[in-house]
Structure formats: C-alpha cells, structure tokens
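Labels run A, B, C, D and E following the written order; every chain starts at residue 1.
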Amino acid sequence: MVNPILIIGITLGSAFLIGIVQAFRPRWTGWIFYPTLVFDFLASAVNLYGFLSGSIGKPIMVKIGGFPPPVGINLLVGKAEAALGTLIFAVALLGAYHWGRRGFPQPQGKIMVLFLLLALGAAGISFTGDFFNLFVFVEITSIASYGLVASSRREEALEAAFKYMVVGSISSTFILLGVVFLYKATGSLNMLDIGGKIAGGFSSQVLGLISLLILAGLLVELEVFPINGWALDIYQGADPVVVALLAGAAVKAFYLVYLKTASYLALPSFFKLSLIFGGGTYLVSQFFAWRQENARRLLGYSSVGQLGLLILAGGLLLSPSLPASSRAMVLAAVVLLILNHSFSKSSLFLLADNVKGEKLEDWKGVLSSSPVFRFSFTTSVFSVAGLPPFPGFWAKLLLVMAAARFSPWLVALILAGALAEVVYYFRFFYLVSLGDKKAEVGNNLLAPLVASLFLVGAVPLAYKMAADKLSLTLPGGVLVLLGLSLLVYLLGFSRLLQWLASLGLVAYGAYLLLPFLKADLSGFFLGLILAGAAVLLLATYPGAKNLSSSFYPAYLVVVFSMAGLVLSTTWFSLFVFWEIMSWASFLLINMGRGKKAAWIYAVLSAAGAYAMLGGISLLPSPYISSVKSPGPWLALLLSLGFLVKMATVPLHIWARDAYGESPDDFTPLLSGIMSKMGVFGSALVFLYVVINLSSRSSFNYLLGWAGVLTAFFMTLLAVFQEDLKKLLAYSSVAQVGYILLGLALFTPLGWTAALYHTVNHFFFKGLLFVAAAGIVYRVGTSYLPHMGGLIRRMPLTFFASLLAVIALAGVPPLSGFAGKWLLYTALIEKGWIFIAVVAFLASTLAFLYSFKILHAVFLGQLQEENCEVREVPIPVAVVEIILLIPLVVLGAFPRLILDPITRVLGKVTALGIPDLKYTKTLGVVSRLGHWNALFLMVFFAGAFILALIFFALTSARVKLVGQMDVGYSGEVPRSPEDLHFGYGMYDHFRRAVKWLIYPLATRVWRGIYEALGAVAEMGRRIYTGDTNTYAAYVIGISLLILLIFKG
Amino acid sequence: MWAKILYAFLTLIGGIAYGLLLGGISRKITARMQNRRGPTVWQNFIDLWKLFRKKTAISHGVMFYLAPMFRLVGGAGTFLLVPVVVGSPYLSNFSFGGDLIVLMYFMVLGCLGMALGAAESGHPHAPIGVTRGLSQMAGYELPFILSVIVLMVADKTATLEGIVRAQQGGILHWHLFTHPFAAAAAFISLLGMMTSYPFQVVLAPQEIAVGPPTEYSSTFLSYMFSGRSVFAVAKYLLFMNLFLGGASNLLWAFVKTFAIFLWPLFITNVFPRLRLEQSVLFFWTWPTFLGLVDLLRIYLVR
Amino acid sequence: MRKWFALALLIVLGFFLAEIASSFPFGQEKWGVSKHYVDRGIEENRGANLVTSIVVNYRGFDTLGEVTVLFLAATALAFLLSTCRCRRKYRRWDASLILKTASETLYPLLILFGAYIFIHGHLTPGGGFQGGTVIASAVMLMLLSYFSFHPNHRALSTTEGLAGLAFVLIGFAGLVWGGSFLANNILPLGQWNRLFSAGVIPLIYVAVGFKVGAELSGLITDMLKATKEEE
Amino acid sequence: MAFFVSSILLILIGLYAVLVKRNIMKIVIGLSLMDTGVNLLIISLGFIRGRTAPIINTRDLLVNTSSKVVDPLPQALVLTAIVIGVAVTAVALSIVMLMYSKKKTLEIDEYKELKW
Amino acid sequence: MILEYFMLFLLFLMLALGIYAVETRDLLASVLAAGFISLVASIVYLYLQAPDVAMTEAAIGAGLTTLIFIIAVRKTERYEK
C-alpha cells in the first residue's frame, strides 16, 4: 500500500522543484517531471493491485494533520479511486511522453508544472473526502486546464480557454456556494460525515437545492448538453495532447466525484436528473456529430456523448429500484466505459496530433500512411464505437442488459445513441480511407499505439467481466481460431504466406470444429461455412493481386465468427459474433472500391444489430430456446438484424454497391455464405420466437411478402444493371429473398426449400462470383459493355458460368430447379397464392438477366482490347470446377441434400419433416405433384447427345467463320464495337417498368439521413460560439435543474 | 420402359409433323385472308427438307453449334412432358418426369439454348431479338402463371393428369368454363407465347430479320425449325390439357389443338403490332386482371 | 432582448440563492464542526488566531492546495505571457522624484511589515497570504517607480519553489515523525499567545508568506514586462 | 439580512456582466465582482450577532469560547476563496492579454471562431 | 445603530459601484470601481468580525487584483466599444 498523500505531496514538491530548476537549468526539468509521473502511476497501480488482489481490504483513509474526519480533511481512497488514479496517471504518462517527443512549448518547465498539477488535481478530486477540499482541487484542475488549453497560444486555443474560464468560474462558484451552504446546513464539510448524517435521517428543507447547486456545478464540468459548448471548443481548439489528458483523465475524476456527491447527498430525484441529462447528452451529441467536418470537434462530440452515457449509467446506479445484479452489471459497464473511453480517446487525439489538418478531408489517406497509424486508429475507433471484442462493446452490452430491467425506453435510447455513433465513426473511417495517395503523417505514434494496445490488452478483462455478469460463454475453439486469424496479420510481408496460412487455419478450424458437425441446424450451417470457406479461400490465391495485408486476417475473422455464430447457444454469443462478423466484413468491403457502400453497409448492419440487441434485452432468458408468449415487436426487433444481412426490401440499399465494389475475392464469401447467416438467424427467430407468437400467421405472411418482394424487385433491378458484379449482387439478394420466403412459410416443405436453396445458392452464386473475380482480374473491369465475346478466351469459365446460370435460373436438369419446385409446391400447399404469383414472375424475370450475364460477358463480339485476355488463373479455374460438380450431381440426385435436410428438420421438433415421398418413376412426390430429377437429367443429356450425334452424322460440312463475318445489311462492319449489343439490353423493357424501378427505398433512406443530418446541423447551431450565450446556458440549465428536481 | 421410349419417339415425330403442318396451314390461311394464294400447306416440310440438305453450314462457335440441339431437345422435351391423351399408355409421353412446375421451367430451356447460340453469332439483331423475346415472356408469364395457379389451387394438384381428371364429366367441367377468367388470361398470354401479332415484335421479320435465329441457316436452321414446330404443338397440347379437358383419344387431341391453334391465327391477322413495352404493359393489365379475378375467387372460396 | 433574458434568469437565480440563504437566519448561532475548532483549537494548536489554526492546521491541506493554485496561476501567467506581443503601454522612463523617493523609503518598510504580518499570523489577524501580498506591493512600488527595476527572476523562482517545498516537507515531516501529513505534533506547541508557539503553524505561514510574496512579485513583474515586442 | 441580499445582488451584478457584456475584459471584471459577492455571502453566513472575532488574544476568551466568537470556519474558507479568485483572475487576464495581442480587439464577437 | 446604518450605506455603495463598474464604458474606471468595492467589502468584513478576511480582501482583492486589472487594461484597451 502506498499512502495516497505521498502521491499528492511528492507531486506538489516536484512541481515546486521544477519551478526552481526551470530558472537555472530549463533542460533538466524533464528529469523531475517524468519520474514523478512514473512514481504517481506506479504508486496508484500498486494500490489498485492491492485492492484487486484483496490485500487491501477496506478503503484507505488518510487523516491529514491527524484529525479524525469531521474535524480535519481526509483522503478516502477506495478501489474506484485507486483505479481512477492509475488511469489518470497512465493517460498523463502517455500524454507527457507524446508531448515530450514532439517538444514542449517553451518555457517547458512551466508547462510541465501545469501538466503535472492538472493530473494531480484530477487525482485529488477523486481522492478527497472533503467538500471544500474538492473545491480546491477543482480549482487546481481548472486553472491548470486554462493554462494548458491556452498553451498552444493559437487564436482558437485562447478562445476556447477563455470560454472555459468563464464557464468554469461560474461552475466553481456554484460548487463553492453549495459547499458553504452545505456546511451551514449540516455543520460539516466531510463527505462521509454528511453522507452519514443524511443517511441517518438528517433533513433540511433547502438541502435539495444545495445539493443540486453542487451537482449543477459538477454537471457543467461533466459537459452535459447543452452546457458543453465550451468543452467542444476545447476539443477543437486546444492542443490534442491537452485534450487527451482532459478527456481521458480529468473529466473522469469529475465523474467519480459527481457520483460520490450524488450518492452521499442521496436525494431521490438525483437518479432522474442523471438519467435525463446523461441520456439527453448522449443522444444529442452522438447525433450532432453526424455532419461534423472537423475531425477534432467530431471526436469532441463523441467524448461528450460517451460522458453522457457514463452519467446515464451513474443515474442507473443512483436509482433505488435497480436490482443488485443489475447494479453489478452497471458498475462493470462504468469501469469498462471509462477504460474504453480514456484510452481510445487518448489514442485518437494523439493520432490527431500527427495529422496536419483538422478537417476530415485532411485525414484522407492517413490509413495507408503507416501500419501503426492504421492499427491504432482502427482499434480505437472500433472500441469507442462499441464493437466487439473491445471493452466499449462489453460495456454497452452490460449497460443495455442492466437498463432493460429498468425500462425498455432506456435501452432504446442507449441503442439509438450507439447507432448514431456508428454512423459518424464509420463515416469518419470511410472518409479517412478514401483517396489513393498517402497522407503525410507525423511519426509520433508510440503513445497512441500504447493506448490502443491497452485497449487490446483490456479485451480479456472486459470479456471476463461481462461474461461473469451475463453468464455468457463463447465457444472456446472459435475464440482460439479468431485469435490465430489476427495473427495472420503478422505475416503481412508476404501475401502468399498469408494465403497458405489461411488455408491451413481453415483446415485446422474444420478439424477443431468437427465434433459440432452434427445433423442439426448449427451443424448444417457450420458445414456450409467450413466447406464453403475452404473452397472460396482457394480461389483468392494472391498471385500478383494488390491485396491489403489485412485482407486475409479479416477474411478469416469473418469465417470463424460465422462459425461461432452458428455454434452459439446464447443470444449474447450470437450477437457478439454477429458484430464481429459485421465489422470484419465492413473492413473487407472497405478495402474495395466502394468505401461509401461499406459505410452504408456498416450503418445498416449496426441498426439491425442494435435492434437485435434491443430484442435480446427484452428476452427473459439469454439462452436460445423457446420464448413464451413473445410480442410481435420482439420478433421484429430480433429479426431486423438478420433481415439487414439478407438485404430484404426495404433494407437492401447497401447490397448493390457493397457486393459490387467489395474486393473481388471477398464477394463470393459475402454472397455465398455470409448472407446465409441472416438466414440462420431468421431461422432461429422463427423457431424460438415467432412460433409462439399469437399473431404468428400474419407475421409470417408479412415476412413472406418481404421475401418475395425482395426477390421481385432485386431481380428487376438486376435486369437493368450494367455492372457484372452489381448484377450478381442484385441476383444474390433476390435469391436470398426466396430463401426468406421459404422460411416465412414455416412449413416443413418451405424450410426444406429454404435450406436447399441456401446450399445450392452457395454453389452457383459462389461459382459466379468466383468466375466474376477471375474475369475482373483478367479484363480489368466489371462493366458489362466493355466485355463480350470472352467465350473464345475463357471457355472453361464460360462453361462453368453457363451451368451456374442455368442453375440460377432454375431450369430443370441442373440443381437450381429443386429449390424452385419445392418452394412453389410449398407456397401452393400453404395457399399463399398471391405470393406464389409474384415469386413465379420474379423467377421469370431472372431469365432476363441470366441471358444478360452470359451474353454480355461471353457472347457477342469480342472487343479488341480483350483479344489478349487469358483464361482465369488456375486456382480460380480449380474452384470453378469444384463448384460445378454439385450443380450437375445435385441436378440428378437432389436427395443428396434433401435427405440431410430432412434429418436436420427432424431435429427441429417444432416443424416436423416434409411430406415428401420418393418413388422410382415419379421421383420426388409431394402432395401436389412430382418431379423426377434423375429422369430429366438422363432424358435431357441422352436426347441432347442423340441429337448431337445425329446432327454430326447427317449435317453437311460446318465451316467456322470469324466473328465479324455476319450478314449485316450488306455492310462490312469495321470494329466489334459496331456490332456488339451490350449496353442497355433491356431498354425496351425498362420503358415498360420504369415506374417499378424508381429507387424509392434509396431515396427514402437518403431522405431520412439527410433530414436527420439537417436537423443535427440545425441543432448544432445551439452552440453559437458566443461566450455570453454559453454562460447564459449554464445559468439557465442550472436553474432548470433547481426548478425541476428540488423536490 | 423401352416401349415407352419408342412410343414417345413416335409421338414426337408425329408432333413435329403436326407442327409443321399447322405452320403451313397458318401461312395458307393468312395468305387467303390477305387475298393471296399463299404457299401450299406442305411448304414447311419442303423448307425443312431443303434446309436439311444444304451442303455447307456456317458456325460462329461452340454455342452457336450447340444451340439448335438445345432448341430441338428443349422443344421435344416440353412436348414429351405433356401427355397427348391422359391415361393412355401410348400417348401419355413422359409425363411422369414432372408436374406442371417442371414443365413450365423446362419450356425455357430450349429458348435459352437458342438464345445463347444466337447471341454467339455476333450479330446484333440476335440479342436484340432475344432480349425482346425474354421481355415479352416477362409480360405474358404473369397472366399465364395466374391462371395456372388458379387451376393448381382449384384442383389441388400440380400434375397435368390431375388437372385433366378434374375436368372430366362433360364439357361444362372444362376449366375453360369453370374458370373463364383464368382461361381468358391464359389464352391471351398464348398470343404472346406464339409471338403472333400483335405481339410479334420479338421476331420483327421486317426490321431485324427474324430476330434471334437471324444468323442461322441450313442444317442448323432445320433443327431450329423442327424444335419450334414441336414446341408450338407442345403448347397447344398443354393448353388443351389445362383448359379443354384434355383428350380422351388422338382424334380429340387433333380437334382441340387445332381449335387452340386457330385462336392466335385469327388474332394475328386482325391486329397491328405493338411495341415491346406496350405489349408487356398490356399483359400486365387486362389479362392479369382477368387472372386475378379468378385467383381472388379461388382464394376467397377456398 | 439579451439583456432582459439575462435579467430574468438572474432574478430567478437570485430567488433561489435567497431561498437557501434565508433558511439560515442571519447572525444566529449555528455551530457545526467548527465548534471543535473553537473549543479545542487553543488546546490542540495553541494558536491564538483560530482562523490561522484552521487555515494552516485543521484545513492545512486546503492551504497547500491554495498555495498550489497561486503557484499554478503564476506559472500559467508566466508561461502564457512569455511570448505575448502585448501593446507596449509601459513607459520607458522612471517615475517622478517624489514617487521614487517615497518608494525607496517604503520599500524596506513594506517588506518588513509583510514579514511581520506573516510571522504573527498565528497571533494576530493576517498571515502568509496577507504578508506576502504586502511584500509584493513593495515590489510593485519599485516597479512603478523605476523603469529599470527588475527583480531577480531566479531569486524569485527559487524563493517560491523552496518555500513551497518547505511547506510540503513540513507536511512530510509530520507524516514521518507525527504520524500523519501536516501533523502539528512534531514541534513543541509552546504557550498560547506567544510568538514561538503553535508548533509548525508559524513555520508554514512563513513559508507561505515567502512563497506568496515571491509569486505575486513575479506575477506583477511578468505582467508588466510582458512586452517583448520589437518596437 | 441586508448582507445576504446585497451580497446576492453583487453576485447577480457580476453575472449580469458575464451574461450581457460584449467586452471580454468586462466579463472578467464581472467574474471578479461575483467572487467578491460570494465571499461576502459566505462571511455573512458565518457571522453571529454580538460575537467577537475568532482571535483568542484575551484570557476570558479561553473559556467557553464557542459562545463568544463568530464561526471561524467560513472565514478560513473565504481566505482560500479570495486567493483562488485572484489566481483565476490573473490567468484570465493573461489569456485576455494574449487574445488581445492576436486580434487587437476585446469584442467578444470577434472570438466566435469555434462553434457548431 | 449608526454602525448598522453605515453598513447599510456601505452595502448600498457596493451595489451602486457594482452597477457602475458593469455599465461604464471606461474599463479603467470599471476596474477601479471593482477595486473600490473590494475595499468597501473589507470594511464590511471588519464589521462582520472577520479581520483576517478583511486584511486579505484589502490586500489581495482591493490591491493586487486591481493592480493586475489595471496593468491588463493598460496593455489592451481602455474603452469598451
């Protein structure tokens, strides 16, 4: 145990000493400065360790002057204080190191004194047990902050310092007045003493007002809305190091003392006060950051918002009606939030110090500038935005779960704020990753790196805390695999090695997860994931491609998080992996051409995921098991996230560009397997939630319509798409729409259709996307009008694509038909005839784009610039062949998949097995009809070969002519361009249906975003930048607090 | 089994011949209505023979080469999946191979193959024709599907045999009369299927020189030609089975299919041609509406 | 508009403050913890001036903070103004003879007076802060009189730092020998109302006096001399 | 009572300057006035009618002191508050001087770069 | 009694000076008025039996604060616009 007074005394002494040294040997000041900070840090850490290990049992009470508490001042250092002290000095050390490397402003001894005393003041604020002493430390912190904020001597910094000074003076006046009044009322200044008196029944009619006066003063320092304009100005204007220290450390001390004060003064209305101001600040700030173009101010809004969340959590803690288990959860959440915010924000602000400009556009290209920068930035942004596995995620999870016991509206508020946060952080991320050129970035990156490593290092701790409180278990094998996946990043010097390692890892994963490959729903999807990933990974053979070094790690993370997802036994676990999968896929998509698409994807994913989390928070048990009498809202909330991944209308707007512009090597996985995770999730929702819904049939019918409309509209859009990958994207989404329709039927046959299609869609769409990747790699474009005639250059790919397209169109002899047949049979059996009509029509429309794929790429005239194009690379060709086989085999023997599905459905007792019989002549027999796959295949192949032989034998000499040799109205065409019909192929049809393809959803979503953005823009005007106004806000809000909560 | 194949093969030959004959008749009737003498009704046979005997055939590539086979097999396959006389061991073809859903998808195969071959020819008119054809398909499929679903739901079966059996017991049990709106919708979409006027823009003989098969000649064309003929007969048979109660013997089959054949023929000679978007929109309005009427009825009655 | 709005806000605030204040009747007896200071202060500290006892001993930690605040302010000011290109209003010549003479006469007297104040902090009203300020005012007088007068910066800093260190060290001495930080039992408490009494209180107040004097002198000097402009 | 009222009024006058005046020097003056008001209020709160200052320099004060002197604690607190006030004022003024040296004006309207 | 009236007068004087300090456009006058308020306040403190505070207020509030204000005003502008 280290006496906390040593920390304060020695720091003060050092500060005075620095003052002397500065006068004689300014250079030597650092020899006092750094060791002092190190000592402070170590001393706090020792105490914290003491508390955590249990060697220090009760809080350390330091009686200054030897007087017992009410008489003398005392310091009271418990677990929280020790932790906060450690945090403060850790952040201070980072900041000091960073500043020192950059060079302190001269005279440096003075700035060191300010820096040291700011950290000391913050520590003192948290240590002290006396209200007036609190005021003194508040003033120390404030004055040091004024000086430090102004220290860069830039105009903005001075302006910010002045505003802070004005507002801070008012706030400390409130605190001072409150403290003195408190003394008058209770006769004491000691926190414990007063707390004891109040708990012991002491009351006074003005006690409420007095407490509120103090709390209002503290709330100003806690930057609650709308009295936080000054704070935002500081974040924007001050030196980033100072900001890191303020946001990372000093504010947290105010937070702690706010909580302590509120709990000592214990007025019943405090928790409402905190909830309202915390929640309001949180939501409003996250929202206001949307259109912020200044990076530092954006981070400022984020900080303020995080602080709001903390205050909200504090409100929960103060609430008398919070059950004990939830209290533990909130406490853990608060710890994690503080940890998360301190380090991520320090990291981000110190990174900002390395970037030349302040505007978001000045940040363009910084990610490619240095791997350290990229790592720190990504880690910090992900953590602060609350993505797993970083501490911020667990904090949010815990908080949401605790808030759910309190009020669903609180959950909604937290999640709405979290979503808004994701919106602008990912916007930030995508803007930063824009641009090809590298930005010039400073090399002062060690401190941010260390801060972000702290975040990474805190992951196990955070996980453990959350797991304890939520009785959460994640499949251990998957965690190991995820960890190993990240290690692949270290092989970043060679893509080939990464590729090999990835293949090995997938193989290892398959070996590790082999016991889970059972005939149930999880096993079914697990098999798909592992087999599919292995095959598709093969096709990503790096060759001479320009792959990012994080491609393979992210790819593997997606794969293994999917594995974890399907193996989840609790909703939490499912959500965790869902989120991991989402961000990893975001990263992958962001590596492609469509950065903005990646952003939209991330935003919608997050919206869906948070809706899901909201739903989970309403569940009585975290285990994935039958939910008794759920409401329709619950079902909707739970399925929303899955619907987003399936890009169901109207949540489809991300799909086209995200698929179309993601890296070509990732798209097969995205379409073939990842979109199926939505299917898996929806299946769970249907099985465990929807099944007990009183309005089940209408809910299902609604989802059925959603599915079929997705199929219809996406097919229609695919018809008019001029980009190969985007066309396939639409097609993919449409097919998943069929799958959703099958699930929504909720009959054994419908599910059979859905599951069959799930697998089969992987085969043909995986094949098509792999082929597309090969084509794009060779041709250099995905734009259909620039292709054509490639059959001559890539016959194998053409053949593979041909079969895949036939399967896609669902034309009989190949595997695609089975899904269609099952689906229509199921639809008509169920009596959803209107949906059946639309589904039929949609699949008719699919023929249109099927032809387009084949024609525009492979047929017609070969363009001159493509004359030298070679067949796709060998790995791609191999994968094409591998994926071809099931298309044909399943076409003849659908039972190869139907039987396992039947077994899987046998496990799903709620559903039963499909009513299908298998006879030799009629093939598969349903109640409605029959279909003999083998016969059709044999018949078709036989007839075809017979006709071919006959033709070959009987026909005259066949002469192969050149591609330009056509009967073209007697003219001799000059170039292939004249003859190729590859653009606007369905313009005539478009004229008929243009009213159907109006981009309504995109317009609506964009409209909503723009409208919200405009509101945010308007709302931000509340921060006029005017000092008088800010002061008026402070007075006004304080009065409001006094008026409303005095009771 | 082998006997079955033999019977089917014979029926197929008959079907092709019948199809060619109907084509000739149609040309004759059209000519007469336009006050021409027109070719003889056997003209199609002559054409076919002539094409088949041509010495040299020009090919543009593999798909171009294979497409006629696709076309023929597709047409023949469709034909063979439709029973000529339900219940007859000789004339029910391979209808065990699949139900109506199978049939409807199988119908596409030949068209798709032909389209691919045509597209490989490198002649711009070919894909233009194909896209028009496919778009038109999107048009007429909607009313057709509507009426088919009406029948499937009404009869609770998806097999043609089942549908035919449901129509036994007198002319008034024909679906033509029990589901008149659906039948009307289907018959209107038949016009589109047969690419007859006013929905003939797919082939557009004047402007784009018979559309998809524009580059085909000689033996290739003869295959296409046969495929097309048998495909048409398959459609007539399908309609017969769906709406006219099927056929109890071969004679009835001839009579009923001939009647169905006459329907587009007359329309063809009366109406002008529609542009493609006009035809699509036409199909998506009136016939769809008719189909919906019956579907709604079924839905509500059920 | 702004004016009326502000007035409205302030009136409400005034009412709140008045409501709180009026619940404590003016001039009425209401003891809290300070009853202990009043009743046992002499016994525990022997300092005649109870305010000083409280400031330096009972709540000596606050005073340490207070000293730090002042130190901080002086540091911040010195730091900020070290590069300030403020407008030069400070004349470059000395003041009139009368002022100069008076200043020269008063200068040592004032310093002496200041020292007196803080040395007697535990006996009479006043203490380190007041004494320090008086010393600073002496320096100020000289600064006003003589353009060229420049207090030795290093000396000021050293005094300031050493005095601060002394305060902290006294505190630590209490911790080491007296059991707690700033404990007033390491020196004999002496007799009530004597100069050498009250244990460490006078020592601390002397340190504070030196520190405040040096700090404020430095502060004034920094402000006055914040004219690095070329001109 | 008059002490309370006038000290609160003094606080309000200072705050009024902070809220309304468009000159940054005036705002600092307002803050300083507010400080004075607060200090006065605190001392008034500690005052007990008819008592003497808490300086025990006569022997009769040694016994039963608490019925003879005013409350010393608020005075101690104010002592601290005054020093802190001057510290804040000094820093504020240095910031003001720096601000003035940059823009050559004290008008608050010129210092609204940071907003929204 | 007279003392109390005198105190009332002083309080009134303080408020009047306060208003003057806030409202006058001459910053130097304003600063001096503020310093005068402190001086008056220190007299009031004496009445309130707080000699320590009175001394401090006189030395620091009235003296030092006013001084640094004056320096600051001299280094910037004297008149408010």
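In this section, a contact is a pair of C-beta atoms (placed from the backbone, for glycine too) under 8 Å apart; a residue touches a chain by one contact, two chains touch by 3 or more.
Everything numeric in this text was worked out from a predicted model, so none of it was measured.
Counting steps between touching chains, the shortest path from chain A to chain D takes 1. Shared contacts of chain D and chain E, meaning chains that touch the two of them, come down to C.
Removing chain E from consideration leaves the other chains joined as one piece by touching.
Comparing each chain's Cα centroid with the centroid of every protein Cα atom identifies chain A as the most central. Seen from the C-alpha centroid of chain E, the farthest chain centroid is that of B. Chains A-B form the pair with the most C-beta pairs in contact.
Annotation: 15 Å between the Cα-based centres of chain C and chain D. Computed from the mean C-alpha positions, the centre of chain A lies at a distance of 53 Å from the centre of chain B. A separation of 19 Å divides the Cα centre of chain C from that of chain E.
Measuring from the averaged C-alpha position of chain A to that of chain E gives a distance of 59 Å. Shared interface positions of chain D, defined as residues touching 2 or more other chains, are 3, 9, 11, 15-16, 19-22, 41, 44-45, 47, 53-55, 69, 73, 75, 77, 79-80, 82-84, 86-88, 90-91, 93, 95-98, 100. Each of the following residues of chain A touches two or more other chains: 132, 136, 139, 143, 146-147, 150, 153, 177, 181, 183-184, 189, 1028, 1032, 1035. Residue positions of chain C touching 2 or more other chains: 2, 6, 9-10, 13, 17, 21, 24, 30-33, 37, 49, 51, 58-59, 62, 65-66, 69, 72-73, 76, 80, 86-87, 125, 129, 219, 223, 226. Here the touching chains pair up as A-B, A-C, A-D, C-D, C-E, D-E. Interface of chain A with chain C (complex): residues 3, 5, 9, 12-13, 15-20, 22-24, 62-67, 70-73, 105-107, 110-111, 113-114, 117, 124, 132-133, 136-137, 139-140, 143-144, 146-147, 150-151, 153, 177, 181, 183-190, 193, 204-206, 209-210, 213, 1028, 1032, 1035-1036, 1038-1039, 1042-1043. The residues of chain A lying in touch with chain D in their complex are 132, 136, 139, 142-143, 146-147, 150, 153, 155-156, 158-163, 165-166, 169-170, 173, 176-177, 180-181, 183-184, 189, 229, 232-233, 236-237, 1017, 1020-1021, 1023-1028, 1031-1032, 1035. On the chain E side of its complex with chain C, the touching residues are 50-56, 59-60, 63-64, 67-68, 71-72, 74-76.
Residue ranges on chain D touching chain A, taken from their complex, read 11, 15, 18-22, 24, 27, 31, 34-35, 38, 41-42, 45, 73-74, 77, 80-81, 84, 87-88, 91-92, 95-96, 98-99, 102-103, 108-109, 111-116.
Partner chain C is touched in their complex by these residues of chain D: 1, 3-5, 8-9, 11-12, 15-16, 19-20, 41, 44-45, 47-50, 53-57, 62, 65-67, 69, 71-73, 75-77, 79-80, 82-84, 86-88, 90-91, 93-95, 97-98, 100-101.
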